[in-house]
Each structure stands twice: as C-alpha cells, then as structure tokens.
C-alpha cells in the first residue's frame, strides 16, 4: 500500500516536472533575434559615467541613450543588465545578455572572443591628476603610482609606459578617483571622456594630457549572431545620419562630436 | 602562471601578517569581554557585534577610503591588514572567550588560592589550557581568512584573485580563474587536513 | 591566628552565613562538620578570599582581609587551600604544579623551588610521580599532589574543603594519612569533612554548623558522644549509626 503511494507520488512529480520543462522550453522555443522576445538586453558595467552609471536605480549615460535609440529602431525595448567589468565578456559569451555596451575599446584580443559593431565613438586615453599636481605628461609619471581600472585600455596604456612605480588596479573608476583625490595615487590613466567628465563633476582633479591611441568603442555581440550584428550596424548608421547621434553626444559631453 | 604565483605570495603575506595581529588583538578583546570591569565588557561586546554585523568588504573600503577622508592615509597593504585584523579579531575574540570559559572555574580558584593575581593565573593556568582547545577553530578561521584576503582586491591590492580576473580580461577567457582556484586549493586543502589531524591528536590528549 | 567576627555572606537574597564568630589558635586542628548547605565550604572560601564577606571581619594573623586595602594575594600565600575536586593544573606535571606558584609568585629561584617541591612530593609519597601529568595519577595521588602544591607556598594555615569526598573509598586513607602527618608537625588546619574517625583522632576542636550558624562546638569526642543541641544530636545519630 505504502509503496504504491510512493510510486504514485514519484509519477506525479515526474509528470509535473515534464510539463514544467515543456512550458519553460516553449517560452524560449521560438528562436528569436534576442534572448527575451521584444527586449534587447545590454550588459554594462554601470560604474562608468558619463557612459553608464546608475542614478536612482536607473542606468543612464551616453551608451544607454545610444542603445535605447538602437533598440527602438529595431522595434525592441532596452533592458540594461548591470555586470561587473571583468565578467562582462564571459557574460556575453554565455548568453546572459544580447549585446555588450560598456565603453569597451575594440582590441584584437577581444575581437577574438566576441564580434564588435562598427565603432560608435573615438576615445583617446588621458592623464588625470589632482589639481595643482606638478605632473604634466607621460615623462612626469616616472616613479609615480598610476591608478587604472582593472582590465581596461587605461591599464594597457599604463603598462606600456616605462619607469612607473606601481599600477594600482581598481575594480571601478570611481574608486580610482577616490584614491586620486585622497593622494593615495598620483595619476589616473583612463579614457578621455570619462576623465574629463569625472573631473568636471567632482571638481578636484583635471585632465593634463591626452594620449592619442586611436581607440574606438564598439558594441559587442556574441560570435555567431551575425543577424543581430547586422541590424545594429544598420541602426547605428541611421542614427549617425539623421542627427540623433549628435544630439546624444552633445547631451553628455557638452560639445559636438 | 608566475604572474599568478606572485599574487599568491602577496595573498599569503597578507594572511600571515594579519593572522599575527588578529591573534594578539582577538585575545585582548576576549579578555576585555570577560573582564570584571563593566566598561571594558561593554566596549568589547559592542565592538564584536558591530564588526560581525558588517560585511568585510565594506570594512575594507571604509578603512582605506573612509579613513582617507578623515586625513588618515594608509598604504593599501596596511589598510588591508588593518581591515582583516579588525574584522577577524571580532570572530576570534569569541572563540578565545569560549575557550577561556570552557576551563573549569576550579582552575582559576586553585591558582588564586596559591596567591597568583588574576593576570598571572590567566597567563600560566587558564590561557595555556584554553589555547589548546581553540587551536582547531582558530585554524579554520585562518583558512577562512586566507580566502577572504581576495576581498582586498577592491582597494587595488594585486593579490592572486585580482591577478586572475585581470588575466581573464586580457585573455578574454576563464582559464586564469582555474589557476586562481588551484592557487587557493594547494594551500587550503593541506591546511584543512592538518587541522583534522591536530583535532584528533588534541582529543587523544584529553 | 585566625579570628572571625560577625561574618555574614549572602548570595543574592539567600543568606548562607548568618553571623559566624570563630577563633583558631596556632597549631590547632579545627574540624568543621554539618549537613550539606550548612555553609561550611562558604566559610572556608571566605577565609581564603574566594568569596567576599557581606558583613563582618576576618583577621588572619592580624590582617583584616575584608579591608579593601589588603592585598588578598599576599594573604593567600599564607593560607593554603585544598579542594574537593583537586583542581590540579592538567597541562603541567606534578612537579610543575608544585613549583609554579613559588617561582612565579614568590620569585623563588627555580632550582631551589624544584628541590623543595621534590621534598614535598617525597613527603606525600609521590616523588616517583614528579614527572607524571595529573591525567595519569589516581584521585588520591592527585589530591596528595594538591596538598604538596599548597604546602610549597609555606602557608601558616591549611584549609581542607571536603578533600576526600570525591575519592574512591580505598584512596581516602592515603590522603587522610598525609593530613595526619601534617597535623602532627604542628600545622594549623581547618578541615571540612565527613570523616568522623579522622575528626576524632586528629581534631583538637569540632564545630557543628547548621543553616549558616555554629550551633555547637567542643572536643570532637564530646560532641560525638554527648551532643547538646537537638540538630547535632539528630545529625550524629544518623551518621554514627553507619559506623
């Protein structure tokens, strides 16, 4: 009697699980353009103003505005998935989101792992110091401690410099600015727009030198998803052509591109 | 791999220096916690509660950046050691306290009846017995500490975990993380075995 | 030697000692008897400062130990105490148990302390166990080491708190014999015990305590055979009927 009851229980649980799986599978069943139908999910390290940061629980910034516009033109709604910087490429590859847009410089190493859209902004590196610092350019950085964000082109640029005392690698650029303002580090090497923006809003630092690196940001798409990449490039072209891009650029950087 | 191993050295150095400070400070807090002087007891109780009620990563950021705002500039290493010490001393103080209280009160009375003062009795009679009992739990705390040193990467200390994440970024794959895992495991697994054997050995002595 | 005036001890609202007056002469062996809960142990613990007197005064060789200015640690060196549960230090050998206090408290030279400790261990018949740890000694042996440990401080008075109660019957004698030797040498002793044979043989004087008071005192034999107070009569009629 008892074994019969147990057997029935197992059967019913199995049936339930099977039904559940069918439903779940059905949801993702129709192979759409994006992971969640009607939504474009964008992975982004939202600690990087003015490109992306959280404000009142909402992601804002240049990348966010641009991505919203791209999504709109594709008939999709944008959803930002805040993601730590060092987990962002693995996140894209493992399908946590559809696109990666996080002020990411296009590099050959990264291009091996993911596909990049056409570049959407030029971004040179720059040296940022505390106001009144004697450091004026790369030569003054010899024997100094330079702060960067872990795994960014800022770090790679700093690593190519000779004679630095130390490179302090921070998880977020906000922490690097905190350290710079407290005199724990001597300079920050980071993307020019960000250094300029942070200095403007925090008021204690200044950009003293632009370093031409011919860097460009791109939107990352998982390899193999060529259709999505094509649609993004088309939307991007349209946005640039009809003046929408300039409007967004001016909103965040205060000057035309 | 040598890049990771150099990070591992920093991890070990952080853990060892911190542990030395933690043992000393934790014992002091434990003695304050069981002191007959009310203010000492209250101070230790508040300290233990406050610290244990906060995430370690927050304490690290507060000590490095927060104290910086107050004009107290600490090096990354010092700040890391200080944060780990402040945090772990609270836990280890409780372990010390439990160890001391587990010693039968007759021991203290016998020592006192021989004319030993409280501190002498503590030092020669109570602590030597208590410390034997707390070696296993303290060793487990040390293993936890070794793992928690990874949190100091938040203040840009380039220990093994940060180096792993860095390599993951540049190589854009996850194999460096496997390397980091191995780095921790080659230390923690032998330590865990050692703790088990010590536990057995100590219980045989009872 | 010891003089106690109007000693009262309360634990919370419970009064354990209700006004004890007592004097102990040098070389006297005072036996304290009474039912459990009568305050015998508390009395001993007060004399050693392990419990603070709620009221009253305790003089040891003229020093008032209830005075907060008195350094109790100095007084305790003159008062040896042996406990029911031995309380040997388990992490030290028998020898180190005996030498620790003289070295750390009296700042005695270690060689001298060891020499003295060996003599004392010899006296309690345990010289060959000097290097044994307490866990490897029988209860009787542990208690004799505890006696040697207390003697090492050269006390003027020894307090024994039911020192044979936790022992197996066959081990009681060795401890009592050690105590008899001490008494014969002229040690002042206060002995809380249920060993009436010992009390009769060694005790100079016996006090019977009940409910925090001394209800009767006198020579042990006399109290045993002709108790005056009804409580004493009842107590001894119960105990002595066993013998």
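As written, the chain order gives the labels A, B and C, with residue 1 at the start of each chain.
Definition applied: a contact is a pair of C-beta atoms (placed from the backbone, for glycine too) under 8 Å apart; a residue touches a chain by one contact, two chains touch by 3 or more.
Predicted, not measured: the structure shown is a model, and the values here were computed from it.
Of all chains, A has its CA centroid at the greatest distance from the CA centroid of chain C. The chain occupying the central position, as judged from C-alpha centroids, is B. Taking each chain's centre as the average of its CA atoms, chain B and chain C sit 44 Å apart. Between chain A and chain C the centroid-to-centroid distance comes to 80 Å (mean Cα coordinates, whole Å).
Rounded to a whole number, the gap between the C-alpha centres of chain A and chain B is 37 angstrom. By the touch criterion given at the top, residues 48-50, 73-74, 76-77, 79-81, 83, 85, 87-91, 100-101, 104-106, 135, 146, 149-150, 153 of chain C touch chain B in their complex. Considering their complex, residues 104, 106-107, 109-117, 120, 124-125, 128-129, 132, 206 of chain B touch chain C.
The residues of chain B lying in touch with chain A in their complex are 61, 64-65, 68-69, 73, 76, 153-156, 158, 162, 165-166, 168-174.
Against chain B, in their complex, chain A makes its touches with residues 85-86, 89-90, 109-110, 112-114, 147, 150-151, 155-156, 168-171, 175-176, 178-179, 182-184.
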